[in-house]
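As structure tokens, the structure follows; a few thoughts come after it.
Order of writing sets the labels: A, B, C, D and E. Residues in every chain begin at 1.
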Amino acid sequence: MNVLDFARAFFTDSAHWHGYDGIPTRFAEHVGYSLEALVIAAVIGLPVGLVTGHYGRGGNTLALIATAGRALPSFGLLVLMVIWLGLGTLPVMIPLVVLAVPPILVTTYEAVRSVDPSPVDAARGMGMPEARVLFQVELPVALPLIYSGLRTAAIQIVSTATIAAYVGLGGIGRYIIDGLYQKDYEKVVGGATLVAGLALVTLAVFWAVSRLTVSPGVRRSG
Amino acid sequence: MNGFFDLPSDLQHSYLGLVGLHLREALLPVLAGLIVSLPVAQLCVRFRWIYPPVLGITTVLYAIPSLAFFVVLIDYFGQSETTVMVPLALYSLVVLVPAIVDGVRSVPPETLAAAQAMGFGPVRRYLQVQLPIAVPAIIAGLRVATVSSISLVSVGMLIGNQGALGNMLYDAQTYERSALAVNSVLTIGALGVLADGALVLVRVLLTPWMPKKGAGR
Amino acid sequence: SSDGGTNDNPLTGGKASGDSVVVGSNNFPESNLLADIYGEALKAKGIKVTYKQNIGSRETTYGLIKNGSVSVMPEYNGALLAHLDQKAAPKTLEETTKAVNAELDSRLMLLDPSSAQAKDSVTVNAETAKKYHLTEKSSIADLKDVAKDLVIGASPEFQTRRQGLVGLKSVYGVEFKSFKALDVGGPLTRAALKNDDVQVADIFTTDPKISEEKFVVLQDPQNLFGFQNVQPLVHKGTLSQEGVAALNAVSAKLDTETLLKLDTQLQAEKKDPMDVAKAWLKSVGLG
Amino acid sequence: MIRIESVTKRYPDGTVAVDRLSLEIPDRAITVLVGPSGCGKTTTLRMINRMVEPSEGSILLDGQDIRQQPVNTLRRSMGYVIQNAGLFQHRTILDNIATVPRLLGWNKQKARARAAELMERVGLDSALAKRYPYQLSGGQQQRVGVARALAADPPVLLMDEPFSAVDPVVRKGLQDELLRIQEELGKTIVFVTHDIDEAIKLGTKVAVLRTGGRLAQFAPPAELLSAPADSFVEDFLGADRGIRRLSFFPADGLALETAPVVPVDADAGEIASRATAPYLLVTGSDGRPLGWSEPDKLTAGAVDREQLLDYGRPFLPATDSLRTALDGAVLSPTGWAVAVDGEGRAVGVVSQQVIGEAIRDAHSRVAERADAKAGR
Amino acid sequence: MIRIESVTKRYPDGTVAVDRLSLEIPDRAITVLVGPSGCGKTTTLRMINRMVEPSEGSILLDGQDIRQQPVNTLRRSMGYVIQNAGLFQHRTILDNIATVPRLLGWNKQKARARAAELMERVGLDSALAKRYPYQLSGGQQQRVGVARALAADPPVLLMDEPFSAVDPVVRKGLQDELLRIQEELGKTIVFVTHDIDEAIKLGTKVAVLRTGGRLAQFAPPAELLSAPADSFVEDFLGADRGIRRLSFFPADGLALETAPVVPVDADAGEIASRATAPYLLVTGSDGRPLGWSEPDKLTAGAVDREQLLDYGRPFLPATDSLRTALDGAVLSPTGWAVAVDGEGRAVGVVSQQVIGEAIRDAHSRVAERADAKAGR
């Protein structure tokens, strides 16, 4: 049996399509955790990245924070949080957010930093208030890069959210952990395929959002 | 036995032993990734059409959780370090290939034209011009790959204590010794930050030709 | 290709198997402790020992010992049988021993069983016990009508094992509302049961938490969880006669009470399993 | 009027970019700041709209210190145009131009109508309105930059090397356009460049700065060319100072001779009657010049066009300068320049000698005016 | 000699960048390719060192098809200089320059010694040797680019808009440097630019290309200015064609008058004896000019220097051109230009009229040569 056979076996088994352990439920759980973590990380990372990028200060500090964030092992944090906080979603959210903040923060900072200075200069010269300079001049141009940071974060979250299963939560990781202990490769491969599929969906969503919200002027010239 | 650096016997290693094991499990895959990604990246540069599919495949690979890889690979490599290292090497490819491709592509076209006009053959041009100029980009990629590799090794704990420092997490849990988990997380974090710092140092040493910070912009 | 096959697999890290005995364990503390005990007993006889601990579930470890990456595993005979034969339902220890020996891979052998038993069990927390008037006398079967409102927590493999959801349904007709995958009677399971995240859980009968948290272990009249005597599983030819004798000597000294006592030292007193193992071996004159 | 009063700018790192600079910038005229790289031109310009604050001294706008009004109000009253236009790449051309009106709170429709009007004014095809900056050539982008700065009809326009990134041909077009717009709208323009030719072409007055941000000379371009204040200015003006100065002397006063102009179908008598001139200019039946000939080489009715001498580049007396006339004379092997009307018909000829006299006359007129001004 | 024989380049996307171009590039001279953006200049240049292969036609080097030698050997025999220098940012200045010698297998020491020699030749301070490109100004980088191209002493130098990214002042310096180097080393240089002034200044011969890669004219610059082949070339040359052409006519043939030159301490008699001239040039005791005066306004022994008229910009007859002389004459209110020697001492004066005659003479000499060549 090769990987493809496992995947086919997994997806054709009708038992996998309903109930609390069915694909729809697990998929929805996974999307739920991932979205929640992404939103929290974005709420932390975007404003800080935008403001520091706008003023061009604190790049070194951000880089340090980002490195530290990347260096902390998500899995280790998860276990530590479970030990400290017990079971629940919070111990899962913390490592996911720690994982996702660095790429969002750093790319947002870089994106705003690297906006061509001359339109910004022109905007100030025509008497635009700073907030408008940030939101109406820098942000629209920085958007594609900012999306790429969010996208990286989202993919990492989707992939890493599987560890929630280790501490008894649901999500697609359930198939992988269960498969490991039950020595059931169908589940592992099926779970991995689902995660990869969700990653592709994520990519598609970002592509669509960027199509809709990035000005054609930026898209074509960037 | 309850000192911060005293480990339960079932870990089979001293603290420093685990650190060494961890570094080996984390760094060997990055090295392997680097060795593989150099030619792959060069192919992507040479034949532009290869790059998008390579990027697509690597992105999907990147999305597959490490644990899933581990479980499937147990079949081929058993519950061994190899099983842990193979996916890590794959992940490092995902970071390194684009980094090298972008680095090599970022070489200014005038520089390439100048090299071509001076009679550099393709191999010489790659080794003596493109690659050295891509060093900062390559190291930037290596930094990300190394740090995340160091962090990911810990998941190996789930496949029979192959997670080096991550193995402490299991004991922390089963014996309810949270200090072990703190130790594990902090040590792994510190290793990551140190490795990152070391790579920055390597970059500074290798690229005396880069404008110093602040001189630019 | 699911479990290593017959070719001796050089990639499994058992490089020491040539000249030293590899003692493995499953991923729960008691298994670690037992591995330490058996391993140290071998060491006391001057045999070289390497440990390979926390490997994972039986589904994994059985493959490893079969192909020789591991030489000795502390096993539980009933559980092993259930792994080898989903349908087996022995009524006595002898039947169990016979059945498991019949199913065992030809490269493996079981040494003498000890009298120490550490069974999986269906255990409810105090709240649930109160709500449904369950006592130590109640049987798993008593859950039949109320199980649809209860969540059971256990290790992931419990879900697909006969000595798990499969057997609970076929033997007792009990079907729970849902299953929550946790760990092997470890801290997650205990915590979940205590916090009422799950109302029912698989807890080892040797777990000191049972009395501490006033959990109620339900009776298993149908012997679904069978006989769970600690019994070393050995890859043939890796252990000398002397080694076999050493392990049998240990098994002879082990009983359920001892195991409970040692587990308590491990979990409540947070002692290192190796220290516990050595101390006990010494106390019985085997260390 | 903008008055810069003894302004010094010292950057935090100690660089003195502008050193005790005083300038009176005339209203409704183009004032050009010119000087070598790093001499403080940009700094000076940016102090006017307070993107840089002076370290010492003050700047007055219509007699009032510019620090007395809110900074954004001040900036909105001044258009600002920079190199590469600094367009907003995420906005269409129309929306780029409408930016300041929108900032001032105009409604979208009104702002866009205004933007459309300005596109026409700066010579942009209305078909470009919906495009994005990347779809425009450099010259077109620069026009959008100018239109954007003009959008709210600010009395003052600040321009920082606006045309230096486009190629010479396009650049010339943009300069002409700017002169036209200035004439039509009468803005007060402060224009920064490091190109002395551009400064001379555009400036009503030119301020030459030297490195260190000190003023070397502030004068109308003709005066700059005729009387550079010192060797720095002289070197900066470069060679050709005399000839370039001729651009400021119109050619309309030149005494044209019509006698040497003969139509190609002239008869022998006519040719003979004009033979006093050393050369005759033969014109075609449409009146356009064909070429020069010595009178005795000209046979009535049988002009060999191949044998005619090149007549150089003709000039239009009404609009061209003595520079063009002299160039025409120098280019022609005969030393005579040809004057034509708007249709290209020869209206007369003039010798290099006469041009030389006209130049001398112009010189003395300038000198007289200077004397009168100096009270001499 | 390089011969381009009816070469056409069609890019894979169908663009015809060069269309049946034939050129004979003279040895030991600078040939400039000039034309509007996209006219195929770079493509042509790159076909010479085979960085682009022609679609049709062939290129001969000393009579031999360039395809007959290995491509890298060919390239190493041709220096290549481009905009922004294209330096290797990861190598020191010295190692940049030593690149081709190293490629040719010289040992490190010899290559570096050669590089140091070349740094001096192109006017780079040896203190820069150990620096990296980012530490150099644009002009210095460009010099490194030239030095690098010269390092292996190749007979041919290909230069693609090498100076277009530096500012005008530095650019002029680089152009002068190139002319000096060319004079010293006698390389065959093919130089691409889109700046017609640069083309005229540097080119021994100039090829004007039009969009579509067709040759419009191939001639020495003076001929280009006096006889543009068509209106495209004429427009491309721009105004001032006549005056710019004067650069090619030396001023050494001008008949200088010494009579109007009087020293500041001249006595009344001497002044009177020279009063036939309309103006007298007063010189200081060091022989340098002070200014013009009408003879009757000049009082012996009491010259009011303030009252003297500006003498414009003097010219050096030995090295300057008629253009400079004319400029001097036009700049002076008297219409006379002052000739000086190397020390700045007045050696004579010349009226604009005489310059005009000299121009006409020069014209007719050129015409005679052309006639002679045409066999007329």
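FYI, contacts are C-beta pairs under 8 Å (C-beta built on N, C-alpha and C of every residue); 3 or more make two chains touch, one makes a residue touch a chain.
Which chain is which protein? Per UniProt: A = ABC transporter permease; B = ABC transporter permease subunit; D, E = ABC-type quaternary amine transporter.
Since the structure is predicted, the reported quantities are computational estimates derived from the model, not experimental observations.
Enquirer: Along the shortest chain of touching chains, how many steps lie between chain B and chain E?
Expert: 1
Enquirer: Which neighbours does chain C have in common with chain D?
Expert: Intersection of chain C and chain D contact lists gives A.
Enquirer: Farthest from chain A (ABC transporter permease) in C-alpha centre terms, which chain would that be?
Expert: Computed centres place E farthest from chain A (ABC transporter permease).
Enquirer: Roughly how far is chain B from chain C, going centre to centre by Cα mean, in whole Å?
Expert: So the centre of chain B lies 38 Å away from the centre of chain C.
Enquirer: Counting in whole Å, what is the centre-to-centre distance of chain A (ABC transporter permease) and chain D, each centre being its mean C-alpha position?
Expert: 57
Enquirer: Where the centres are mean C-alpha positions, what is the separation of chain A (ABC transporter permease) from chain E, in Å?
Expert: Here the centre of chain E sits 61 Å away from the centre of chain A (ABC transporter permease).
Enquirer: For chain D and chain E, let me know how many angstrom lie between their CA-based centres, rounded off.
Expert: 27
Enquirer: Send over the residues of chain A (ABC transporter permease) in touch with two or more other chains.
Expert: Residues 82, 177, 180, 185 of chain A (ABC transporter permease) each touch two or more of the other chains.
Enquirer: Multi-chain contacts only, two chains or more: what residues does chain D have there?
Expert: none
Enquirer: Quick one: which residues in chain C touch 2 or more of the other chains?
Expert: If we look for residues of chain C contacting two or more partner chains, we find 1-2, 56, 60, 188.
Enquirer: Okay, what are all the chain pairs that touch?
Expert: Once each pair is checked, the touching ones are A-B, A-C, A-D, B-C, B-E, D-E.
Enquirer: Which residues, counting only chain E, touch chain B once they are in their complex?
Expert: 49, 51, 71-76, 78, 80, 82-92, 99-100, 103, 132-134, 145, 148, 158
Enquirer: Along chain A (ABC transporter permease), where are the residues that touch chain D in the complex?
Expert: Result: residues 116, 118-129, 132, 137, 140-141, 214-218, 220-222 of chain A (ABC transporter permease) touch chain D.
Enquirer: Which residues of chain E touch chain D in the complex?
Expert: 36-37, 167-169, 194-195, 226-227, 239-243, 245-246, 310, 312-313, 323-324, 326-335, 352-353, 356-357, 359-360, 363-364, 367
Enquirer: Can you check the complex and tell me which residues of chain A (ABC transporter permease) touch chain C?
Expert: Per the stated touch rule, the residues are 1, 20-21, 82, 86-87, 165, 167-168, 174, 177-178, 180-185.
Enquirer: How about chain A (ABC transporter permease): which of its residues touch chain B in the complex?
Expert: Residue list for chain A (ABC transporter permease) touching chain B: 3, 67-68, 70-77, 79-80, 82-84, 155, 158-160, 162-163, 166, 173, 176-177, 179-180, 185, 188-189, 191-192, 195-196, 198-200, 203.
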